[in-house]
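Each of the two complexes below includes chain A, the first together with chain B, the second together with chain C.
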Partner chain A sequence: MTAHAAPAPVGGRLVTKTTVVLAGMMLAMGAVLVLRLVYGLGAVTNLNNGYPWGLWIAWDVTIGTALAGGGFSTALLVYVLNRGQYHPLIRPALLAALLGYLQAGLSVFVDLGRWWDFWHIFWPTYAQPSSVLFEVALCIMAYIVILMIELLPAVLERLHWQNARKRLDRVLFVFVAIGVLLPTMHQSSLGTLLVVFGPQVHPLYQSNLLPLLFLTSTVGMGYAAVTIEAAISSVGLERPFEKEILAKLLAIGRGLMGLFLFVRLCDVVYRGALSHTYTPSLPMFTFWLENALLSVPLWLLASKKNAQRAKYLFLSAMAMALGGIVYRLSAFLVAYQTGAGWSYFPSLGELTVTTGLIAFEVLGVIVAVRLLPILPAAPERTLTP
Partner chain B sequence: MSAIDFWLETSRVAKAMEQSEALGAAERRFGVRRRDFLHFAATLVASMGLPTSALGAVVNAMTQSKRPSVIWLQFQECTGCTESLLRAEHPTLEKLLLELISLDYHETLAAAAGHQVEAARKAAMKENAGRYLLVVEGAIPTRENGIYCKVGGQTAVDLVQEVAADAAAVISIGSCASWGGMPSTSPNPTGASSVGAVLGKSVVTIPGCPPNPYNFLSTVVHFLTFGALPEVDARGRPKFAYGRLIHENCERRAHFDAGRFATRFGDEGHRQGWCLYKLGCKGPETYANCPQLLFNDCGAGAWPVGTGHPCIGCTEEGVGFTKPIHQLAVLKTVTPPTQFARPAEPQGQGATVVTAGAAAVLGGLAIGAGLKLASKLGNKDGEPGEKS
Partner chain C sequence: MSLDRRDFFRLAAKTAACAAATPRVAEARPSPKLPDEALGLLFDGTLCIGCRACMPACKEANGMPAERTPLEANGQTSAVWDAPLDISGHTLNVIKAWRDGTGLTKDVVHDGYAFTKQSCYHCVDPSCVSACPVSAMTKDPVNGIVSYSVDACIGCRYCVAACPFGVPRFTYDTPKPVISKCQLCRHRLANGEFAACATVCPTGATLFGKVKELKAEIARRRRLTPGSTTTFPRGRLGGTDSYVGRVGRYVPRVYGEREIGGTQVLHLSGVPFELLDKPELPDVAPAAISETIQHGLYYGLIAPATFLGILVAAARRNMIAAGKNPDANPPAVKP
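Showing the complex of A and B:
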């Protein structure tokens, strides 16, 4: 295991142009959410009985948590497979995961028609244990708690509570293990949600392998998100780009994308849906778009030289993330066709909430890395010309 | 077994039986075509919920049994029950009824009158003691020693007690005989009571105002076929007919569940055939098979709710003639949710210039920022001597 610089708070000003803009976006979201909670979903969303799930589920939950998948997939590498070289990535990944899951939890809450009954999920007499959504809801909430515990060492270090830190270290492996298990459960369940829609989902997308496809793409999207996060903090905070580690991470992601595309193609052929890949329709278009995007790392990082270039790594990560985003959006909103006459496009209110939640994540990362030991200590300025 | 399966199976059995000897006898005896007779028998079997195999037994009983003697008493009533049996649209119904049973005493139908008809009653009672059926139509006044209804000098109370004493079985037809019906409505000046209350024992009741003739005929045929009356509930109602709420089998039930209610006669919902609950329909608290059997053999929709009028709960004690017609029913099974889907379901708003534009701007900004970042990282790649 190579020695890494210990994580340290980045420091610096919290109130900057960027953070003020982000806070403003969150304020706008807050205003829309107040309207939603008081006047109901119909007042701010375009949801209807044909499309009871809109942007808040398709983006905030399925995409938000998939991009947060770096938390568990990096933990899997570092702790379970014992690949110590990825250690500098773990805390940023966990932080992004926590923020991603928090915003997903919030959007599930505001997406509940009768949000004041949300506690029914926890109440045994109200709970419906055979429901896929029940599994997703409990799993996501449990994972939020686990992520908080996994990130607790950073807080304890900041407070210099060494004894508590040591004691936590002794039991942390339990939480890490649960933290790796839980997302595999609910990320695949997000695919199961579509399976139960049956023929309402376009044949190119509907498959009994959806849980597997969702899980594989989550891991890839997670690694992509970790790379993008590293790139942003590298450029934004003027820190070195951890190219070599990320290259290895993306090599795994690249393999997973290959697996994803292979499984998906075989599945389409096996289910006899091949003709839909050349029958013009919106799902056909998104099918090719997302597959093209997800295949970018396969050829962009094909040569050893390219696989070491920061720009190509980043572009591959972006394509993977974007491909995963298109895949989920189209599976939930485009390929989901509930019958003639029904239509849905997110309203301005829904877009405001989703951008507000993204702003919350970005602002959360900025504040956390400035205050807490998340990122590895940067080498002295004098060392980088 | 689904209704369709039952029908197919019954048709198959009926087809096989059409050639049988028994039906030849039926044809001669009832003067109806074999097919019509089988259709009628199958309807009775179906409404009693008997297995298809019972069709043969029912047909045999109807064609071969000795017709039971029936004494039909009428007290505080409107003759609606009798009318519903006789005026049925189906041409064979009254014929079959009158051929199935030996109606030895019936005030409306008897050709004789006065002492002559009373003598006929006494003779029939004597001859068939212990074997005849007593059918009572109408409530029985009990106040002032029952003086408010007399036939041939005898009070209704006396008459019913006298005839019931030697009857094989007592059937109350109509709500009045079953539980008091309209005459017993508060303040009930005559003290109108049911047959069961007067006799002090439970009898088979076929409530309704009027009851569906098929429910009565099925009960009689059951008696003919099996020598016993059908299984009844605590109020003496045959379970095959009164085992379920009208609400459970109502063709408008889906509208109830979806919250689509007519709120005024002739309003949009009423014209669309929505649920009549909010107009006071008593289907949710009334036990009867009206939605399945329908009335008058004239096809779909031929029952009160089907024609757009709320059920008044005529079969149900404490509901019919007691509760105001437009009072909301007590919901015995499900209560409707506090919120319903809107009657006119909006099918959603597609992309508008504003929302699509906003989404495009956001996506463009994100991709643009990504490309900018990529080029900055590219500069880092080019940095001489840079080590990871």
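Showing the complex of A and C:
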């Protein structure tokens, strides 16, 4: 097994221009949420009876947790398939996952009209297991707890609680395994959520294979997000860009994108929806846009040489992440056509909450890597490529 | 110990085999049958005179507030008392008018007009019931009424999004929102009363009854000669009230007969249903497809349990049995 530099706190100031701006964005979100709680959803959102789910579900939940998918897909590589070489990526990926899922959970909570009764989902007399949303909610809540346990070693190290750390190590494999199972379940179910919408979802998007399409794109988006985060922290924190490892990660992501595109095309043909691929409509446009974006790594990283170039890796990751984002936004908002007369575009209030939640994630990462052993300790300057 | 390529493929093959075997074990979720005692409505658009008496009656019976409908006239906007154009969080039932050209002749496509009713269809296999994560939407096993419990509801609006008829509506204008939908006046049934809209309908255009008997009544009407005079039951089937009127020239389709597995509210019309904005829907209920997928993947939790077993074994081998936890890094080299 390759030896890596152990993770160590980055240190440094917590109050900077960046963190103050991020805190300000969160304060703005807080103000909107107060209005939402006092006056109701209609006061701050553009949600309506034709589009009852908006940005907070389509972005914060389906995209926020997919980009956090690096947490489970990296854990799968490192712990389950024992690819120790990916090890420097695991803690940053788990951290991003925890923050991504926390913001998704918060978003769902404020999106619930009758939020004070949210516990009904987990209460046996209310729970309705045939509901796809029931499974999604249950898995997401459980996964947040699992992610906290998976990150606990970093906290225990920081506190120098060696005994607790050792004891946790002995059982950690169980939580790691559950931490791979749960996202596999609910990330596919995020796609299944759309199946019950039936013909309200455009034929290019409605499919019985939605769970498979959402799962494969999630893993790809997760690896893309891990790459982008690594690139940002290598620039922002002057760390080496772990190019070799990320190249292998993206090679897997590339394979999954190939699978995604192949399955999707076969499915469109099988369902007899092929004519919709050239019948002009907004869903047709987004269909081609996301497929084009998701195919970028297929040709950009085609040659061995290019697959090692940092710029190409970064661009491929960006395209994959963006493609997955367009796919999810389209499936939930563009391809969801509920009848004449209804329209939806997120309000300023909804955007403020979503940007506030992104600020929460970024701020969370900054504070956590400065205080906790998340990132590998910076090597000597001479080792930097 | 690391998993080599061959091990990985073996593992992957095993997982795939388990996943492939599962749907065969699990039955496709069977489509529910219409309950024998199912209650419903027949709306005969050719009998409707557009008086809209059913709308305030519905509001009164269900304690719904009036809606302010803005009316623009002479450059001024006034609020007309309760003239809703569509169902909403505060309106469970509306009569809508369709017209073409001069709109002079009833129930003809060219230069004609027609009426239609918008309210819950009480599906045999309702999407809202399948979607609801907290059993707030339920279908009565005896009379088939799809009802809503505000005490269970968490306000997630999955039912609003799922219903292909656009029926459940959410009250966005309050911090204590609810879902509103027609529940076929189930609170009136115990007193021997029935749906308020049918009770007040002067021509029997909205008729309450057992779905099986309503279907027989539909068949009778379609056998009669269009334009001839007949006696229509009024209020409810099997009651004493009646209305003598002319038989309509029906389009050869009953809306609700097969849409997403059938509904308990059936519509007859003199003009094609597309003109009345009735959505074109498949025969198979989306709820049945969704639940077949969910039950297939999660049947007896076999697939998740198998997958978890493989994951636990592999993670254990890599993190414990080999004697080195990959997370237990070599001690940091002190600079």
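We adopt the following convention: the second predicted complex is superposed on the first by the 380 of 385 C-alpha atoms of A that agree within 3 Å, B and C clash if a C-alpha of one lies under 4 Å from a C-alpha of the other, contacts with A are read in each partner's own complex, and residues count from 1 in each chain.
Just so it is clear, contacts are C-beta pairs under 8 Å (C-beta built on N, C-alpha and C of every residue); 3 or more make two chains touch, one makes a residue touch a chain.
What you are looking at is a predicted structure, and each value in this text was computed from that prediction instead of being measured.
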Clash or fit, chain B versus chain C on superposed chain A: clash
Which superposed partner A:318 touches (first chain B, second chain C, both, neither): first
Chain B versus chain C as contact partner of A:176, first or second or both or neither: second
Touched partner set for A:50, first chain B, second chain C, both or neither: both
First (chain B), second (chain C), both or neither touched by A:5: second
First (chain B), second (chain C), both or neither touched by A:244: first
Chain B versus chain C as contact partner of A:309, first or second or both or neither: first
Residue contacts on chain A - larger count, chain B or chain C: C
Partner chain in contact with A:347 - chain B first, chain C second, else both or neither: first
Partner chain(s) touched by A:118 [first = chain B, second = chain C, both, neither]: second
Contacts of A:234 with chain B and chain C, given as first, second, both or neither: first
From 38-46, 182-190, 254-262 or 380-388, the chain B stretch with C-alpha clashes against chain C: 254-262
Residues on chain A lying within both footprints (that of chain B and that of chain C): 47-50
Contact footprint of chain A on chain C as seen in their complex: 1-3, 8, 88-89, 127, 130-136, 152-158, 160-162, 164, 166, 169-178, 260, 277, 279-282, 285-287, 289-291, 293-295, 297-298, 304, 307-308, 311-312, 314-320, 324-333, 335
Chain B - residues contacting chain A, complex: 341, 345-352, 354-356, 358-359, 362, 367, 370, 373-378, 380-381, 383, 385, 388
Chain A - residues contacting chain B, complex: 46-51, 228, 231-232, 234-235, 240-244, 309-311, 313-315, 318, 322, 341-348, 351, 355, 385
Residues of chain A that touch chain C when the two form their complex: 1, 3-8, 37-43, 45, 47-50, 52-53, 78-84, 87, 90, 111-115, 117-118, 120-121, 125-128, 130-135, 137, 153, 169-170, 172-174, 176-178, 180-181, 184-185, 188-189, 192-193, 195-200, 208, 211, 336, 338-340, 377, 380
